[in-house]
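Paired with subunit B in one complex and with subunit C in the other, subunit A is shared by the two complexes that follow.
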Partner chain A sequence: MNRHPVVRKVGRILGLALLALAVLLVDFPVFLVVLNAFKSAADFANERLLPSHLNWENFNELSRVPFGRYVVNSFIVSTGGTALALFAAVLAGYSLSRFKGRGFDAYSRLLLGVQMVPVVVTLLPLFVIFKDLHLLDSYGGMILLYGALLTPFATWIAKSFFDTIPTDLEEAAWIDGYSRTQTLMRVVAPVAAPGLVSVALLAFITAWNEYLLASVFLSSINHYTVGVGLQNFQQQLGTTNWGPVMAGATIAMLPTVGVYLLFQRYFVRGALAGAVKG
Partner chain B sequence: MAGIALEQVKKVYPDGTLAVSSIDLEIDDGQFGVLVGPSGCGKTTLLRMVAGLEPITSGEIRIGGVDVSDVPARDRDIAMVFQNYALYPHMNVFDNMAFGLRRRKLPKEEITKRVDQAARSLGLETQLKRKPRQLSGGQRQRVAMGRAIVREPQAFLMDEPLSNLDAKLRAQTRAEIARIQRELNVTTIYVTHDQIEAMTLGHVVAVMNHGNLQQLAPPEMLYSQPRNVFVAGFIGSPPMNLIHAELTQGDGGVTVRFGGHELPVPTRTLNRFPELGALAGRPVVLGIRPEDMFDPACNELSGGETATLEAMVDLRESLGSVADLHFGVDARAALPEEFVAESEAIEAEREDDEVVGADARFVARVDASSAIRGPGERAVLGVRLDRLYFFDPRSGEALCHPSATTAPVAAA
Partner chain C sequence: MSTIDATTAAGGFRRRRGEALRERARSWGFLAPSMVIIGLVTLYPLVYAIVLSLQHGSFTESGHWVGLSNFTELASDTQFIHALRFSAIFTVFSALGAYAMGLGFALAVNRLNRGRWLVRLGLLLPWVVPPVVSIIAWHWMLADNEAIVNKALGFFGVGPITFLASPFWASVTVIVLRIWRSFPFIFITLLAARMAVPEELYEAADLDGSGPLTTFRKITMPQLARVSVVAVLLVAIWSFNDFETIYLLTGGGPANATYNVVVLSYYQAFFGSNLGLAAAMAVVGLVLLLALSAVLLRLLRRMDPA
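Now for the complex of A and B:
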């Protein structure tokens, strides 16, 4: 198309403006949280949209609760759950990708089926089981829960990555003298590494942001994750004092935002993995 | 190093498809064996069964006299070159070649020594630190070869290793593979659909079709003494002209007629194959190689009986030293598919309406100096009568083939 340069430029600016508007709408709550984190009590009282000055007071307020502890807890259970899910996803995803049979079909349908059951439905039975197993209010219990929660989708994405790896590569390794397991560890997984990294990142962020399970299964303040801790903090502060909670939420967002910024290209690949081959 | 023997090897897929039916095959120690056939003939399946990548349904595979039918691929001590090379993308060239040696726990110095030596012989010395994706197609192919060489295995298995290279590189690499195999003297099985590769590389060539072994013979013999219509049509380029004809007993001896043409069958041929004379009055399949026809105007023929036939040339393809003349013959072409025995047919698509046509296409390869230009030119072409091939019209088996002594030097 051979349009006038000015027309083209205007079109481009219009497009960008539309995109900016979309970003503003979608991310408005996020912006609000960050802005509120820097507002003083007076700013809140005057219903100002922007903070009058950069006010760090809210962040200091966080020292009233073991906020650092919450962050560490979140990190432990998210990392543990991710590791567990990734381990299962590599083995299961590889198997689903390479073996055919009724058992494998059934398993892959089961994975899909499990995804359709709302977590809320499973809460009560899970609670009873975890109580009997003495897994309530423990890191181990949370890691197990997150591992189970993340495994189905991690398996699906891992499978679609393994699907793209030619079987010739494995056969070459077998002929070079390696067993199937050795081949998986030394050839298939390294080649699929970019995909597996994106699986891990998606899993980690999902676990980091999880609130419902943590709020039900964690009862002592020492085990609280960031989400549960903030909720608890908000109740302590009452309904008018928003600043400190917003400060906490801002900090809680940092790992997610950081991971997204650092690994953008992996996320795109991970999101597309199921859609297109190659 | 060891010979490879296949005994009654059969492959039936779970869905009932017969991929390879009861093949007996023997490649002696140090020999270069080629499996050749059209796509889907089972040659790759057969190779993968030798490699241990595909379980066999029945039969026995022996490497160096040891039955390896149930031995997994990793313990067969064979090396394989894959069609797409299957280089490990996350390792550099050195590690790609060393990967199999590390598994065998060879000392580090030995690994380095072997890889360096192979790299030198393949001209890859400067590429050792590079990843496969940084290499050209030809270099990747050589790395795949190197990976096989350093292993010093009992046998090399190669699955169409040249099919991803351009024509010039393919000819070069073909010569290279022949050289390496000769130097290392390792038993080799090489799969290809390209009959030129088969003819130039193989000590013995196994021609396959529809999962069956058609003929196992040295290349010259496949060319001069094809066992059936399929081999006759497959080996040689351009392919042999094959046509339904009739043997008749005339006053001057036995002749073969097809589409208004009549060629005398030499007495010498009849003496060597007395059965042929007994078939007078019966249909046969006649085979004439394009290179056994000539332009009488420019060829001085030394010995051998010849005859001529008139043809309406409709296309001339000049190839520099020779030219191919295409013309129609008013008779029914003999297609290899007609002769697949019903019991062995693997979904042989026999569409009878397709073969009733009586407009066979012939190709004659003549000297480039020939003045026959076409199209639409009526020309007189010579035929070397002692080079005629005859086949049974029902089974497609050879009835008679030219004596080897009169075979031209060039095979393809």
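Now for the complex of A and C:
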């Protein structure tokens, strides 16, 4: 294609501007949440796009509900679920990566299949089972649910990271008299650490963002996660008083967005490991 | 792929059959925690759901067997048929829309020489934001005739559109929101796949004098085909199973227009009189999902270089 260099240059710049605009447009709803959180009632009434001044009133309004409690609850069940899933996924992922056989193949296919099962299918029976076991409305119950929700994809990603680690290291460790478990914990896991960070990151974000299970299994307001509490708060305030809801929404997305901004590289690596190998 | 065979490797070092057997046992032991968790919290409830679907019961009274009557009841339940149809529409349009958007962004970002990470950062954001938060944002943007999107449309002389009050526009809205939530995954997957395509292929095409459309058709698409099918399959599964987008934005309304199978089953379970019917809805949904996956996986296998 022989176009004039000036035409090409202009085309490039136009393309870049268009791409930048598209990205801004895509992220617009997220920016809006933060902007709205700092708007006063007058700003809303005047339909300003930007807040007239940095107004923290909306955040004070959050004290009408135990919002801090919601945040703590979300941390407890998300990290608990992530830890449980990571424990199961490291062991299983290593096993599936290193051992071959019909049983192992079948199990790895089962893990893929399980991710297809909609939460609503198991929701009902789980509700009945958890009721009998007195696990409804408890941290323990939520951690168990999140552990199960996260384990299949965490295992799959962990396996794909273990696959990339050469086995020479382990053979050397065996010669030194290490057992399988010692080899995994002292030799393989440290090498796989960046991969495992990716797994933990994806698991944590998924758990923090989960809504359906938390809304069904947590019934007392002091156990609500941020998602459930925020939704509840929005229903209380209705569609006329958005400021406080937006302040809550800003806090609700802070941990996942923050973790993502800090560890973008790990997040992307984990996401790709899960998808491309599938 | 270098894989140590448990039996021979351990046997090679220790030359004892007992040790090899123990090694095999240990390999299964490693799987045990994952099996216990998934078995108890996913597989057992799954079987339980199928059992429930064959019963008539509620949370307070235990069920009695009714055979397939829940399923025959669903076959003539107009609301369920409508939900099935909307699930199909929602899944297909969401997956195709997310694919088009993800592919477009992936190809555009691939051409960037600088600032790729920044653009990627911005494009993955919708994935990371909690659905409750993004739905609150969209709700505010679309709430009524005075809301920001209608203001913007008014600027171009369009609208106002009752996004959440008209059955048609509410359906469009939940699909667009679903596309917004799922395209980042397609984008990042296709970007990685596109970056892995050897540059020589394009250089050769350039020498042959192929235009951009030809190279797209003859090189880019075939190279991305496998990844595309996998990514679309995953997004289709997530869309079919999507509860939050619909439940939080429209609640199935207006006039029941945006009920999908998942949301309808949820309402039937917690507000209806028959748990069996709710379970049956969910089971029908799962079977359809399995069928869709089977079709797409077959397509994938056919694409495998023999």
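The rule is simple: the second predicted complex is superposed on the first by the 254 of 278 C-alpha atoms of A that agree within 3 Å, B and C clash if a C-alpha of one lies under 4 Å from a C-alpha of the other, contacts with A are read in each partner's own complex, and residues count from 1 in each chain.
Heads up, the rule we're going with is that a contact is a pair of C-beta atoms (placed from the backbone, for glycine too) under 8 Å apart; a residue touches a chain by one contact, two chains touch by 3 or more.
This one's a predicted model, so the numbers in the text were calculated from it and none came from an experiment.
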item	value
Which superposed partner A:207 touches (first subunit B, second subunit C, both, neither)	neither
First (subunit B), second (subunit C), both or neither touched by A:157	neither
Which partner reaches more residues of subunit A (counting touched residues only), subunit B or subunit C	C
Contacts of A:199 with subunit B and subunit C, given as first, second, both or neither	neither
First (subunit B), second (subunit C), both or neither touched by A:190	first
Subunit B versus subunit C as contact partner of A:142, first or second or both or neither	neither
Partner chain in contact with A:261 - subunit B first, subunit C second, else both or neither	second
Partner chain(s) touched by A:116 [first = subunit B, second = subunit C, both, neither]	second
Touched partner set for A:175, first subunit B, second subunit C, both or neither	both
Those residues of subunit A which subunit B touches in one complex and subunit C touches in the other	166, 171, 174-175
Contact footprint of subunit B on subunit A as seen in their complex	166, 168-169, 171-179, 187, 190-191, 193
Subunit B residues touching subunit A - in the complex, by the definition given at the top	51-53, 72-76, 78-80, 82-84, 86-90, 99-100, 103-104, 147, 151
Subunit C-facing residues of subunit A, complex	1, 15-16, 19-20, 22-24, 26-27, 29-30, 32-33, 36, 47, 49, 84, 87-89, 91-92, 94-100, 103-104, 107, 110-111, 114-129, 144-145, 147-148, 151-152, 155, 163, 166-167, 170-171, 174-175, 180-181, 184, 205, 208-209, 211-212, 216, 226-227, 230-231, 234, 239, 242, 245-246, 249, 252-253, 256-257, 260-261, 264, 267-268, 271-272, 275-276, 278
Sites on subunit C touched by subunit A in the complex	1-6, 9-10, 13, 23, 26-28, 30-35, 37-38, 40-46, 48-49, 52, 59, 105, 108-109, 111-112, 117, 119-126, 128-134, 136-141, 143-144, 146, 148, 151, 180, 185, 188-189, 192-193, 211-212, 227, 230-231, 234, 237, 240-241, 243-244, 247-248, 262, 265-266, 269-270, 275, 278-279, 282-283, 285-286, 289-290, 293
